[in-house]
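For reference, the structures are reproduced in the following blocks.
What follows is chain A paired twice: with chain B in the first complex and chain C in the second.
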Partner chain A sequence: MSEIRPLRDAVAELIHDGDTVAMEGFTHLIPFAAAHEIIRQRITDLTLVRMTPDVIYDQLIGAGLVRKLVFSWGGNPGVGSLHRFRDAVENGWPRPLELDEHSHAGMANRYVAGASGLPFAVLRGYRGTDLGGRTSTVSTVTCPFTGEELAAVAAVNPDVTVIHAQQADRAGNVRFWGLTGVQKEAALAAKRVLVTVEEVVDAFEPRPGAVVLASWTVDAIAEVPGGAHPSYAAGYSVRDNAHYQAWDAVARDRDAFTAWLDRTFPAQREGAVPA
Partner chain B sequence: MTTAATAPSDRSAAPAWSSDELMTVNAARALAAARTCFVGIGLPSTAANLARRTANPDLVLIYESGAIGAKPTRLPLSIGDGELADTADAVVSVPEMFNYWLQGGRIDVGFLGAAQLDRFGNINTTIVDRGPDRPEGRLPGAGGAPEIAANCGEVLIVLRHSPRNMVAALDFRTSVGHGDGVGDRARLGLRGRGPVAVITDLGVLRPSATTSELELTELHPGVTVNQVREATGWPLAVAPEVGVTEPPTADELTALRALKAA
Partner chain C sequence: MTDTLTEITRADVCVVAVAECFRGDGEIIGSPMGTIPTIGARLARATFEPDLVLSNGESLFFEGTHRLGAKPDEFAAVGWIPYRQVLDVLASGRRHVMMGPVQIDAHGNANISAIGDWAKPKRQVLGSRGGPGNTINHTTSYWIPKHSARVLTATVDMVSCIGYDRAAQVGTSARFHEVRRVVTNLGVLDFVSVDGAPATMRLASVHPGATVDEIVENTGFELVVPSDVPETRLPDEAELRLIREVIDPRGMRLREVPA
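The block that comes next holds the complex of A and B.
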């Protein structure tokens, strides 16, 4: 059963050094506040999983907390590069970053397999591309009925999945709507689940099309209004596109990024980021 | 990157346009007959939204974030801006989008950009080789493109024409166009037709029916074959008859500029 608790306590209890963590949200409902709490607590040596690393993982990578990234598209949507991600991959700053790289279809199906309790998923994908040459989590499987060769992708089962949702109710059920991305699969694939929400309501009003995660599939809920900013929560906020555009200049330069880190997380900065 | 061009003198009343505008207008026209289009962000999204305002008002725009039939009033910055979901006919999850809609063969046209493109319309968006003493340059990666290129009924590609983008050999093959040549898509089991046109700021390339190699079939007004050859990183094949694209109309330019300004 899920427990409603402060974000700081939920992060400290559920996320540990060395964990594989998925923080999902396809442009919408990205759990930025939870990521910032990870930076605050200096939880490190993480393997991060996410289809679109986005600014949220650019920040965690730049903060030196990430050992490995499992992903399918690493850009700042509509703006350009994720410069901290690039600097880590190209120059090993502030530490080398191992990659496990897929297509969106492959990543989505890896979560589906994880949520389904299967070791792998099957799709028509990857054929003729160079993607399979750089990962051990893509292979092929032969259809036992038709003989057709198809792509097989290994299941993803994160230690922890973190998502942001619009609402939880007092019983600890979670509900989100709009672009719901791959969060249901990411949550059901994980060993532990942390959800930040815009608000806790007494009871859900009917809302067709919303995704509900029952309280017994979630470990902790933290009420964090605006916890997706600069991403957004439909019905509560709009995407802060100006913030995404402004991030480009912050992330482009190591000194500007380090100054941002110092400014945003002042108490954690005593020699914390390796040079 | 945009170079100013002026209308031919016999059209002196027509407005001037940039080479980027030529590219986008022609990319939008290429969607005139499509029912559904899987839209990548950036140039493809601009062109697809322009098509809905000009050549094809009924075009169904599909964004990988889950929006089917999005009707944004202004250009979205990301593929997941809220307006895409708010105006959509249906909103589906990401696994459903890729498995049922794209892999299920329900989308007519995939519209892609590229960092590098080769003569068979194969695409690299993953890494670039910057020479022996330098680390690989990192690009965003595959995203939805490999399966869009594999599974849409056909593929349109839009990119700016330069020797840096149009290369003899890709540094990495992220998405398959026509593979190593004619018949390769069938051999790989890819069900869509693959790239049918590459629209650039200089003209239009289409795959040859006999070799699947891209050849220059149309020039934009004022552009010469030599200019295109110089901007292409392989010995460019040129069709026996090279046409000239219609200049942008005032309506097209007005709609495009309004879209960019909103």
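The block that comes next holds the complex of A and C.
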């Protein structure tokens, strides 16, 4: 059963050094506030999983909290490169970043397998590419019915999945709508689930097309209006495009990034431990 | 309007060459990535390929012909294709994607992951994205805004998207594999099989103002060059009007291919 809690407490209890953490949400509902709380608490040596790492992971990588990235696309949407991600991969700054690179469909299917309690998923993509030689999470399997050789991708079961949703109700159920990605599968595949929400409502009004995560699939809910900024939450906020554009200059330069980190997380830089 | 042939830019020619890639596709999803591919796909649908299904790049299928950079609420939405559902439909082969490779070889194997040693690359780019699934499951074309031997290279550092030799090795799983064309700022390349060998790249046409020698010099592998290479066709008046007044009035195409 989920509990409604302050974000700081939920992050401190659910996310630990060395964890594999998936933060999902595509185009909107990207859980930036939770990521910032991770930076604030200096939770480190993380393996981060995400189909489309964007600015949210650039910040965590630049802050030196990430050991490994599992992904299929890394960029600043509509702007260009993720400079902190590239600096870590190309130059090892501020620490080396190990990569587990997959295709989009591979990532989605890895979550589906994880959520289904299966050890792997099957697809045709990857066959013929060099990806299999660069990761231990891609192999092949022979179809027992047709004899076709197919790609197998290992299930992903994050220690923690973090998502942002529009609403929770008082019973601790979560609901989100609009563009939905793989949040449901990522949540069901995880050992622990943290959801930040725009608001807690007494009860959900009917809404076609929404995805509901039942209370028993979620550990903690934190009410954080605007918790997806600079991405958005359909029905609550709009995307802050200028913020994404401005990030390019911040991330391009190590000093500018460090200054941003100091400015945004002053206690973090002094090594202060949150109470 | 005083459109004359002398005013046609290289970018206009590239747009039409991209549009031509989609000719004959019918009612499948066209997925152009990048500026000139997007203009070209919209031009194809506005003219000779009216059944092509296009999305606004986010989540809506739309009808009509819209300008580049139109906001989501400007599109006449006719369907809903969020990210996940693309994965559900592409395995049927009914999609034609146009991507931008950072490297591509003679067989059409393309790299969109990283330049240099994968373990410690000189340049990390965006990642494999949909490439491995796209290329094995449906038709792919490529757009290269700057034709150079660094992009069209003998060996790619990583195969993220499979070409004809890899598809042949994979066998029946690659049942819908097709790398149709590579459009660059200098010309159009397609693929031809010689004596049953896996197909390799052939010079199909040269854009007006470019030369065969220029293309051969700027290609890092041996192209099949027919004895008589045609010129890429020019846009007609109706196409020029659509490009300039409807789809790309702000001239974004000229940022990819300067006049």
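Here is the rule we use: the second predicted complex is superposed on the first by the 270 of 275 C-alpha atoms of A that agree within 3 Å, B and C clash if a C-alpha of one lies under 4 Å from a C-alpha of the other, contacts with A are read in each partner's own complex, and residues count from 1 in each chain.
We adopt the following convention: contacts are C-beta pairs under 8 Å (C-beta built on N, C-alpha and C of every residue); 3 or more make two chains touch, one makes a residue touch a chain.
The structure displayed is predicted, hence computed values, not measured ones.
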Original post:
Which term applies to chain B and chain C once both are placed on chain A by superposition, clash or fit?
Top reply: clash
**OP:** Would you sort A:Y111 into first (chain B), second (chain C), both or neither based on which partner it touches?
**Re:** first
Original post:
In the superposed arrangement, which partner chain does A:D130 touch: chain B (first), chain C (second), both, or neither?
Top reply: both
Original post:
Where does A:T27 make contact in the superposed view: on chain B (first), on chain C (second), on both, or on neither?
Top reply: both
Subject >> Contacts of A:V79 with chain B and chain C, given as first, second, both or neither >> reply: first
Original post:
Now for A:V238: first (chain B), second (chain C), both, or neither, which partner does it touch?
Top reply: first
Original post:
Who contacts more of chain A, chain B or chain C?
Top reply: B
**OP:** Check chain A for residues that touch chain B in one structure and chain C in the other, and list them.
**Re:** 26-27, 71-75, 81, 85-86, 89-90, 101-105, 108, 123-131, 148-149, 179-182
Subject >> Sites on chain A touched by chain B in the complex >> reply: 26-28, 51-52, 71-75, 77-79, 81-82, 85-86, 89-91, 101-105, 108-109, 111-112, 123-131, 148-149, 178-182, 184-185, 209, 211, 232, 234, 238-239, 241, 244-245
**OP:** Quick one: which bits of chain C touch chain A in the complex? Just the residue numbers, please.
**Re:** 58-59, 82-84, 87, 90-91, 113-114, 118, 120-137, 158-162, 166-167, 169-174
**OP:** Quick one: which bits of chain A touch chain C in the complex? Just the residue numbers, please.
**Re:** 26-27, 71-75, 81, 85-86, 89-90, 101-106, 108, 123-131, 134, 148-150, 179-182
Subject >> Footprint of chain A on chain B - complex, ascending >> reply: 41-42, 64-67, 76-82, 84-86, 91, 93-95, 98-99, 102-103, 126, 135-138, 140-147, 150-151, 172-176, 179, 184, 188-191
